[in-house]
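One chain, chain A, links the two complexes that follow: it is found with chain B in the first and with chain C in the second.
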Partner chain A sequence: MDHTSFLERWFRRAALSIIIVFFMFPIFWIVLMSFQTNETILRSPPSMSFTPTLDNYMAIIAGRLDSNVASMGIDFVNNLMNSIILSVCSVAVALILGVPAAYAFARHKFKGSEDIAFTLLSFRFAPPLLVLLPLTLYFQEIGLADTYLGLVWVYQLICLPLILWIVRGYFEDISPDIEYAYRIAGHSWFSTFRKIALPLAGPGIAAAGLLAFIFAWNNFIFALVLASADKQPVTVGALAFVTASGIQYGQIAAAIVLSIAPTLALALWAQRYLVEGLSLGAVKG
Partner chain B sequence: MTDTLTTRRRQLISPKVLPYVLSLPALLVCIGILIPFVTAIFYSLQRYRMSQPWNRGMNWGENYVKFLTDSDFWNTLKVSLVYAGSTVVLELLLGLAIALLLKKRSTVNNFVSIMLLLPLMTAPALAALMFKLMTNPNFGILSYFMQVIGFDDFRWGSSPGTALFTVVLVDIWVYTPFMMILLLAGLRSLPTQPFEAAALDGVPQLEQFWRITLPMLMPYILTAALFRLLDSIQQFDIIYAMTQGGPGDTLMVFQVEAYLNFFQSTNVGRSAALLLILWAITYFLSNIFVKNWLRLRERAKGGA
Partner chain C sequence: MEFLELASLSKSFSGETVLDEVSLSVQEGGTLVLFGKSGAGKTVLLRSIAGAIEPDAGTVVIDGEDVTSVPPEYRGIGMAFQNFALFPHMTAYDNIASSLTSKRMSASEIRTKVDAVAKLLKIEHVLSHAPKALSNGQKQRTALARALVSEPRVLLLDDPLRNVDAKLRFEMRLELPRLLADRGATIIYVTQDYKEAMALGDRIAVLDQGKIVQIGSPDDIYRRPANTQIAQLFGDPTINLLDVVPKEDDRGLHAFLSDERVDFHGKFPGVAGRHCIVGLRPEALSFTETDGFPVTIEAVTPFNEKTVTLVTTLRGREILLSQPAQDPVPPGPKVNLQIAARDAILFDRETGNRIAPEPDGNRVEEAA
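For the complex of A and B:
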């Protein structure tokens, strides 16, 4: 089966190694930095031999940053908590709102359904600041400024279209005949939805939920505009942390590692679902 | 759920209204978000600076007319287009090359494609910070590499000559895997007969690629490229986290410029007008994208 020449095999191997190095090196290097003291980070030329230390992580968890000049309090753990609260709540709300709507769009071609579905999708492509900037002024008036509720609502801009479109594709793949058969047996619409459609679309709902979680976690601009320090997630918090901590490079690296670890772990754990979800059902690989 | 309750529910919601009832909550949430959109249009037609509330009033499109002679605006448009164009082209070429390398299903190839998911799952803003640490002039590993190969004064994000290169590099690092995933799925879904026939006839690999692979893959390439173009022209996270649009106005893309207009110079009218122009561009692109994408979906369904 393998007609590939010796030369081609070596070329292939070399190319794959370069790819892996290019895409893995930044993560690898930041993780290494997070286990070093400032002294070893600042060595020239850079070296990979050092005694690993957990000090950076301890400092972040304890919320105290001690340098030889001064000591300051940091609240990066709070940013982590905010990220968890915002992402989990946004996905939960998006699932509750989005799954029934996706079912309606998939099963019933009602008047205007395509238009509505496309309008919802177009939110995904509109510049977020266009909505965010006027929203800051509105939120201040109606008291939603700097609340989790306000943020979770705005996060629906990313989560809802994602869930709607991915889950809709999965519902469309279920043959309606199964549902008809169940309904003819005398079951209500609701129990058909609950007992037949939901379980069959389960993997799709899980994939959409995971993807929505990752996008919510990675979002930067919404919270940058709408949240003040105590509600900020890690993406915004890390940027503020860089400015505040100045030259504590080890701690900055540790903060970044803590911020990207959850999504990377999820990605490794559920990679197959993600690949399907990412292509938004455009291709079934 | 008891039987009486379900029967009553069936009577309460007639089949005709049911789909509306199901999609209504999602719609309501989104309508709430449409209101600011209308407000933005309104602001864009006003002379409105938060620092000068007394001077506020309608000026009917003057913000837009001013753009014609505003060199900052043309700079913004140019930088946004260059950024979007270069990232999409480079990511497409790189993503296609990687997808071709990984086409065959094997343990090594699967491992590589899983590893490539990791940059894509990294928040772009955090990815920019990672590269900021790596390009720090004092200890950054990439700065050190540059010194080793002879570029002693390569200043990455802090010099106007290399800032664009730096943010494009971060964008490539984050989003090339996205192109790769889409194109790999496309490659693997292509029918095998044409390739078998070509192999039997002894058609060289390179010609197979130009004559068979590329034309058959075109719909996937278009969809992936348009999707990335839509995102890339709105890029904010990477550029803001890396340089906040600087140095000077080197990286003032639409959203960064609008953000700074709103919060720093508090020029709400100009900011809203900028964003509406960006919206018009993305609306145009997204219409082409959706058409393409639907055709691809139909085809994927028909083929499956």
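For the complex of A and C:
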């Protein structure tokens, strides 16, 4: 290795370190906060030395929020369950609908297929608030407001376009000859889809599903407007910590740590697919 | 009996005609070579037969049954793709077996058949490998095995030797005809290599811009090419094409090369005085001591089995001459050249089409 490449490596490391510190510090700080009481969090100047306490986690799991003024019940564990139910169901529905649709868009260029695909993508362009007001009225009319079904339905605005477009690129990357070869070998189109297209697009489908899961998990506005307390996911549930007697920073931090844990674990596990899936699938469209 | 028949098959993609009223037929057990440059429509034609592409018009008949709208899985076809099209997530064994798993067949029966075809193609030792662990030659053999294993009635081979190295291509060119003949299948073989076409086909169909320009035996195509283009595609070194205006007198039709009279044998009515092109195969020319026409030797290129000599006529027209390596090239530069005139092919200069001699017992047709 010559001198320039050593310098280059050194710069690269420095740049990466700065980026990591920039993005990881808030998370690191929140993890620290979650082990502190409100008093130690709010002291000035902030310090890293404190006696760690599990009180915040205990309070959240027990569902009791004790402040210096009063004690009130919160239902964070229920919120966490809601988040899991909503995200898992939304992604499942989006996969069941989106993967065959993506295959159709990739393989069968029918009249207007591009327009339909683009319309589906355009759901992502509009700000969610644009559709929320009419949706709320409709949902109240037809009884879908404050139901898991209604929320999963609305979450398709987030998940479906994502899965459709990523997976479509993946299907397009598969040589049609490979599918023809399987058909000519005597298999129906459906078994070709199942045995050839699906396994080959597997990494892309996994990546798209994971990404859709993260987007669904982090969604705030749909659930805020359309769900009442017992259907709220963690993103909305965290609002409960802003109480009349002050903001419970310690509990908020603990709640955040608990709520990012599932997606973080999932993302770490599927990291490989995510990078591969996005770089391969999304380029071609 | 005609086993496979295509009737005026047409296909266009976004306004561009790829197949233009293609009609051809292949006898049961026969081999037809589809020959043409890339982009001529060979692959599209093959896919229309396989059912992977639906033609805009025309019919595909296999064994008396119109299969034009029958999906590919019910056509009883085996196909080997130019890019192999192996299933990357399956082992070589599963790739080959995929042609059998769709049929009601026991696992042991499938194993017997796959093993037999693998042995035939000498790939038994790589059956457990994934396609990406195979060499190009092994991939090609696996693809071929997949097409052969189900003993299809019709076998479509899309330039299967295109993506393998020269040595392997030569080996396979020798091996394939025997391998295919044993199968008794009706075969359509696509290639861009005229030697392959000559070696493998009972008949050759030449495709150009979606149209069939000529169908015939390899000998037909070589000796009686339909136009100058086909004449140039077949043969190495390529045919000499010289502009001439033939004249007719009581000794018959003739033209002048290097101011010497060269006679054409056979009757070509109405050719005298027309602008023509005469096609002379390099191997139909030979050096001579006495008669013939004078030329100048420009370059001698010895190959192993033949010697190719470039000569020019008095008027500077270049002619290639090919002779067996053991025949001596006379010391130049001034030599005389002789034409085996029965091998001369006349083309119309305007259209490029061959002008056929009248078939009344003339020597040209006798020679065929």
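Annotations
Following the convention adopted for this analysis, the second predicted complex is superposed on the first by the 251 of 285 C-alpha atoms of A that agree within 3 Å, B and C clash if a C-alpha of one lies under 4 Å from a C-alpha of the other, contacts with A are read in each partner's own complex, and residues count from 1 in each chain.
Rule of thumb we're sticking to: contacts are C-beta pairs under 8 Å (C-beta built on N, C-alpha and C of every residue); 3 or more make two chains touch, one makes a residue touch a chain.
As the structure is a prediction and not an experimental result, all values here were calculated from the model.
Look at chain A after the overlay: chain B and chain C fit there side by side. In the superposed model, A:88 lies in contact with neither chain B nor chain C. After overlaying the two complexes on the shared chain, residue contacts for A:180 are found with chain C alone; chain B is out of touch. Looking at the shared chain after the overlay, A:189 reaches both chain B and chain C. Once chain A of one complex is fitted onto chain A of the other, the partner contacts of A:23 are limited to chain B, with no touch recorded for chain C. Set against each other, chain B and chain C touch different numbers of residues in chain A, with B touching more. With chain A as the corner point and C-alpha centres for all three chains, the angle toward chain B and chain C works out to 80 degrees, nearest 10. In the superposition on chain A, A:259 contacts chain B only, with no contact to chain C. Minimum Cα separation between chain B and chain C in the superposed model: 8 Å.
On chain A, the surface touched by chain B in one complex and the surface touched by chain C in the other have residues 187-189, 191 in common. Listed in rising order, the residues of chain B touching chain A in the complex are 1, 6-7, 9-10, 13, 15, 18-20, 22-23, 25-27, 29-30, 32-33, 35-37, 39-40, 43, 97-98, 101, 108, 112, 114-127, 129-134, 136, 138-139, 141, 144, 173, 176-178, 181-182, 184-186, 188-189, 220, 223, 230, 234, 236-237, 240-241, 254-255, 258-259, 262, 268, 271-272, 275-276, 278-279, 282-283, 285-286, 289-290, 293, 296-297, 300, 304. Residues 12, 15-16, 19-20, 22-24, 26-27, 29-30, 33, 41-46, 96-98, 100-101, 103-105, 107-108, 110, 113, 116, 118-123, 125-135, 137-138, 153-154, 156-157, 160, 164, 169, 187-191, 214, 217-221, 224-225, 234-236, 238-239, 242, 249, 252-253, 256, 259-260, 263-264, 266-268, 271, 274-275, 278-285 of chain A are the ones that touch chain B when the two sit in their complex. For chain A in complex with chain C, the residues that touch the partner chain are 175-178, 180-189, 191, 196, 199-200.
If you check the complex, the residues on chain C that touch chain A are 47, 50-52, 71-73, 75, 77-79, 81, 83, 85-89, 98-99, 101-103, 146, 150.
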